[in-house]
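Submitted below is the structure of interest, expressed as structure tokens.
Order of writing sets the chain letters: A, B, C and D. Residues in each chain are counted from 1.
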Amino acid sequence: MMDLNYITEDLIKSVGQFLPETALIITFLVAMMADILFKRSKHLTGYIAMAGLVIAGFLLYHQTGVNFKGFANMLVIDAFGQFMKYIVLLSSLIIIIFSFYSDELHAAHSRLGEYYTLIIGMTFGMMLLVGSSNLIMIYLAIETMSISSYILAGYTKEVKRASEASLKYVIFGAVSSGIMVYGISIMFGLTGSLNLFDINQYLASHQVDHLPLLISGLLIVAGFGYKISAVPFHFWTPDVYEGAPITITAYLSVASKAAGFAVMLRFFKTTFFGADQLLDGTWHLLGSINWHYVVAALAILTMTLGNLVALWQSNMKRMLAYSSIAHAGYLLMAVSVMNDGGVSAVLIYFFFYMLMNLGAFFVVQLVSNKLHTEDIEAYSGLGYRSPLIGVALTIFLISLTGLPPTAGFIGKLYVFTSVIDAGYYWLAVVGVLNSVVSLYYYVKVIRNMYLRDIESKEDKLVFSPSAIVIVFVLAVPTLIFGMYFTPIVEWANFSMNIFIGN
Amino acid sequence: MTHDAVLLLSIIILLTPLLSFLINVFFGGKLGKISGIIGTSILGIDFVMAIVVAFTKLVTYPDIHTIQTRFEWISLGPIKVVIGYGIDNIAAMMLIVVTLISFLVHLFSTEYMSDDRRYPKFYAYLGLFTFSMLGIVIANNFLLMYMFWELVGISSYLLIGFWYEKNSASNAGKKAFITNRIGDLGFFTGIMILYMTYGTFMFDEVFAGISSGVMPFNSPTFLTLAGIGIFLGAMGKSAQWPLHVWLPDAMEGPTPVSALIHAATMVAAGVYLVAKVFAMFTADALTFIAAIGTITAFVSATIAITQVDFKKVLAYSTVSQLGFMIMSLGVGGYTNGFFHLVTHAWFKAALFLAAGSVIHAMHHAMHHMHDHHTDPQDINNMGGLRKTMPWTYRTFLFVTLALSGVPLTSGFLSKDGLLAGTLAYANLTGGWHWIIPVMGFAAAGMTAFYMFRLTIVAFHGEPKTKIASHTHENKSVILIPLIVLSVLSLWFFYSPTPIDGSKGWVHRLVVQPASAVPAAYQWSFLLPEHAGEASPAMHAEGEGHEAAATEELHHEAQPAAHATTHAYLNKFQEESHHFHYIAMFLSVLIAGGAIGLAFMIYQYKVISADKLEARLKFLHTFSLNKWYFDELYQATVIAGTVALSKMLSWFDTYIVDGLVNLSAYITRGFSFITGLFDNHVIDGAVNLIANTTGFVGARLRKVQTGHIQTYLVFVLVGLLVLLYYFSINF
Amino acid sequence: MEIGLTHYLIISAILFSLGMFGIVARKHAIMVLMGLELVLNAANINFIAFARFGGMNIEGHVAAIFVIILAAAEAAVALAIVLNIYQNFRHVNVDEVDQMRD
Amino acid sequence: MVTEFGIILLYFILGFLFVGIALVMAALIRPSHPNPIKNSTYECGEIPIGEPWIRFNVRFYVIALVFLLFDVEVVFLLPWAIVFKQLGWFAFIEMIIFVVILLVGLAYVWGKGDLDWEKPKPYIAKLEDLVLGKKKQ
């Protein structure tokens, strides 16, 4: 049969381009076997996982400049995906390193093997998600990463909060993906295909009813919205972030958000915008639904709620959870303009967001190792008790606020520039007002660290030198990229073209 | 080595001292004495790399003007900031000067500073300083130059005030910093004028812009002003009159610091800056530069004659020599000015290190005798050190000869060329410009005089105190840097003949850059000889002109190197060659006379110093009190500022307040009413916004009930609301 | 009366709503998970119905299989988590698991 | 002609009828001599203790979950088996990989001891606990 031969050929060709993901699968299996065979060694699977991530990174590097559709058009390899995959891999690697320093994880070290293995599983899911161009593939990838993350969120299962977090996460996640798959089924019925390219062609050539398309689109966006914790799909975020181990909280706030934004951008671009690439980077919208406004509405809701509620938090992890919601709002602003400039801004922002957010969470983890609390009050005098850590946390928080001379400022600058370039001045105004609000709760922590008069000032906190080095490996780039950011901007501009199959 | 390798290596050279800084600042407490060894060895490695880079540049690529790279730093739509770094011939030579002296100072300090309890911090600061200085050296644009310029300012502030427990030290640090800031203000203004006009910070692009005929604000006056602004920065760093007052005070810093910063590197930064941007100075700007340099050279030489503090003499001598360099650049003697910078760096560093050696020995002797009151730096407490410290004496004597400009030394080669340049300049311009060579020669004579006064009083004769007789020669760690630096002051390193510096490699490699300034605003004798009239056409080429011009230069530079064919770059060089022998004769005569005078007064006491002092009472006091500059500033600038502020305060208190009070009475009635408005309406509005934000936040968080099912209801409701809203509106 | 696409869609919509109701209203965690299965099966019915009646390709069937598999995997993990909740809380009433809130 | 809804109705009716008739018939035909032992729950001939609606041991769930996962994966084998011949070696290798991955999972479960049926260790009270009244749970 001719047809089957063609499929086989396509498969063989695709497998050749599937190498980074394959490397992760193999790592996953090897790590699992190693975990059974060498039960004694504490970090062996961690090292295997790191090696696997590095190898996957190298293989990913070899895909530079490749534009490819494979597995019956289910997966796409392009520069945009490559950028996001780098972020996913890099943050996974950093998280594994963080995990070596985590006391709460080591309380249950007999199961650490599973932990690292599941991180690899989650990474694999995210890599798939970033490249998915088929709705079922998107669903499959979301589930792959989610299932791993449900377990990881409740990894310290003896802790009540952790098990509660994982219950809330699994129910919320399953419902969201259920809603999404229902939306997918409607989309399938409307357009007759699950493939984004085919859907795009159908939308370009046929008139589709407004309401069903809106329903299915919104239901699918609900699935993405849950991943990136956009309001009103964010409710799980604070509870899960607070309950989960800090490493996993950090991981969820960066990598899974990156994958969510990547698939969201790819979904919008590939599905709802004309396949004719315009040279000036603007996209041409198909159909009657103005997705710009839908996403802009989500953006406003998300950043406003995130920032306003963050004002009241007294737990550092919970505060950072709301802050990550707010950051999702800023990123959604850039998504809402839906042109190449916006994509580039998202990429730039994400790279910097990865550095500063992971850094902040690592400091929280280190402090929690010593003080056994995540209360913001406990940070009083930290600037004197451990000057280096205090300085680093200050850098991260200033960067999260988006003040110069830090990388966060540059990220925000590009986001706002893209929004203003697209003519959405009102959106930019809301964004700036939100940034002002966010200043308050970030600076509150800094004030606690330096300006609060406390007795324990002289009571020094001693951190291991390697941990401090890791903190500064994140803090120094946060500063340097605040001053010299051209390479990242160029890289993002190189990566902003989402491959749409022509 | 390829260009890329050179560039890579130079960035490593730049960053290596930073590594030393980081190590010592973060782990200094744990390292203790090892920090010195670490710092020294890091600088040693740095020096070796600098040699590699410098030799590659000077031997393999001598004719390429600058090996450089540039990259976009900031790109915000139309605003682009391009920066970069590069190595040209003078940068290559400076790399060696900075790293070698820094290395020797590091080495010297392992012994000199060994008793200090902030030993690691000292090395950290030294590393930071070396880093910033190297940054200045390899910058090829104004922006980076300015940034490192400020960094140098900060690190020197830290080093001068290193013994901040001493009030005088911390004051000196402040004085240095503030004085430098005044100069930097000018520097910054100059940079801004240029950036506004040419839209770039890169040296070569600015020069190309100037030579294409574009003028700031369409007026050559502003180009002159930009040049003078930048030169103001150089005046601050290089301690030029009238901003020279900080340098003698900066002697409060540890002596190795004085050797590194206030003799060889940082103060040379100003000269280096002027050399780097030499192409952009107009004739008027150059005249200003020459005048400032001359005054500096003369004034500080007169002050140095009467000082009794060992280091202060050297400090004023440094100021004077820097004046020479600036003067030389100002009259158009680019090569000579830079040559003097290099040779001066070696022997002045040696002089300071020797001073350090003496002071160290005096300290030890005092410590030994439990004497804590005698001033170990006063030369009247010394004497006879020749016998107790023979190696220090020998090196000191040799570099003193070099500084005085005695033949067979490097100082002779450079100072002779420099003075010939001033003669040529005066001859070409005429009129009152003859003052420049006259004052130059006078200063040169005084240099020889005060240096020998210092040598004789401190080293010769009988010990004037018991302390001096109990001094001992220092360890070899202290002597090795001295010897190395004095050897480098021998003539044959620079020229095959001991009497003519222009035959050496320095003159071949350090080629005066073609002036970018259009011919109308430049001295005609500084324009290329054969193309004197044709140059405007050449300038019209615009972009890429600089490269073309330098290439052309090298064609001309080749014959100039072989002095047999009398083809000179420009009229000035030809003229200075003519004046070479006259200058040599004059300077040897003057220096010899001055040295003889010094011996007669202080060694053989043929002329009584005291009587001379009494006879020239007025001049002596004037010189001893440093021309009353500090008092002058105290009385004018500082007192003026204070008086002004007092006056303003008085004005405030009586006039303004009176008026205010008056109107206050009138408005009180209104304000009572408006106050009510303010309190209840305006403040209310502000508070309302803040409280509303908080209130809304507080309400919103109530949504987070903790019940997963409630969350899901909210999700569904949210979805329905979105659906409803967008199905209706769009 | 012909049984057409519409009927299947209505069935699936009812199933979806029932599932959602179960998820939101039932206290017992297992019941919540069962509601979830209803939601997923509603989507499955849609897929199969569209594939059958819309004259569409096999993609619908494949999608249904994938959804079944993932539902099973998810259910397995969810059950394990519910067990863990029981270990910690000694009950599995989702509305009483609310230690973390604002 | 019956409509399609009619067919569904007939289907329902037939279903009810079949089950109902079978139950009624059985009730009519079978002899009825109840006694307590007959009415008790059948547990392989053992005498039942307590209520049948007890909580099952958690270990059953673990085994059941593992079974469920592996069972469902078989769904993928079915479509493959149908077109196996036409797909050739490549698809065969692919399926081998699929099965191997499953096997690694099984090995993991096994290696972790989740398939073992561990009996709980009975608590034997020590004398001092009894004496001091510090009985631990």
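Here is the rule we use: a residue touches a chain if its C-beta (ideal position, glycine included) is under 8 Å from a C-beta of that chain, and two chains touch if they have at least 3 such contacts.
Just so you know, these numbers come straight off a predicted model, no measurement behind them.
Here the chain-to-chain distance from chain B to chain D, counted in touching steps, is 2. Looking at A-C and B-C, the interface holding more C-beta pairs in contact is that of A-C. Averaged C-alpha coordinates put the centre of chain A at 26 Å from the centre of chain C. The distance from the centre of chain B to the centre of chain C, each centre being the mean of the chain's C-alpha atoms, comes to 75 Å. Per-chain Cα centroids separate chain C from chain D by 20 Å.
Centre-to-centre, using mean CA coordinates, chain A is 49 Å away from chain B. Shared interface positions of chain B, defined as residues touching 2 or more other chains, are 701, 703-704, 706, 708, 712. In chain A, 167-168, 171, 175, 179, 238-239, 309, 312 are the positions where the chain touches two or more neighbouring chains simultaneously. Across the assembly, chain C contributes residues 23, 32, 73, 80, 94, 97-102 that each touch 2 or more other chains. An unclassified topology is adopted by the chain contact network, corresponding to no line, ring, star or complete arrangement. Under the contact rule defined at the top, the touching pairs of chains are A-B, A-C, A-D, B-C, C-D. By the touch criterion given at the top, residues 1-3, 65, 68-69, 72-73, 75-76, 79-80, 83 of chain C touch chain D in their complex. Only residues 1, 4, 8, 11-12, 25, 29, 32-33, 35-37 of chain A touch chain D when the two sit together in their complex.
On the chain D side of its complex with chain C, the touching residues are 3-5, 8, 58, 61, 65, 68-69, 72-73, 75-76, 79.
Note for the complex: chain D touches chain A at residues 83, 86-88, 90-91, 94, 101, 104-105, 107-108, 111-112.
Taken in their complex, chain A has these residues touching chain B: 167-168, 171-172, 175-176, 179, 210-211, 214-215, 218-219, 222, 231-233, 235-236, 238-239, 288-290, 293-294, 297, 305, 307-312, 388, 413, 417, 437, 483-486, 489.
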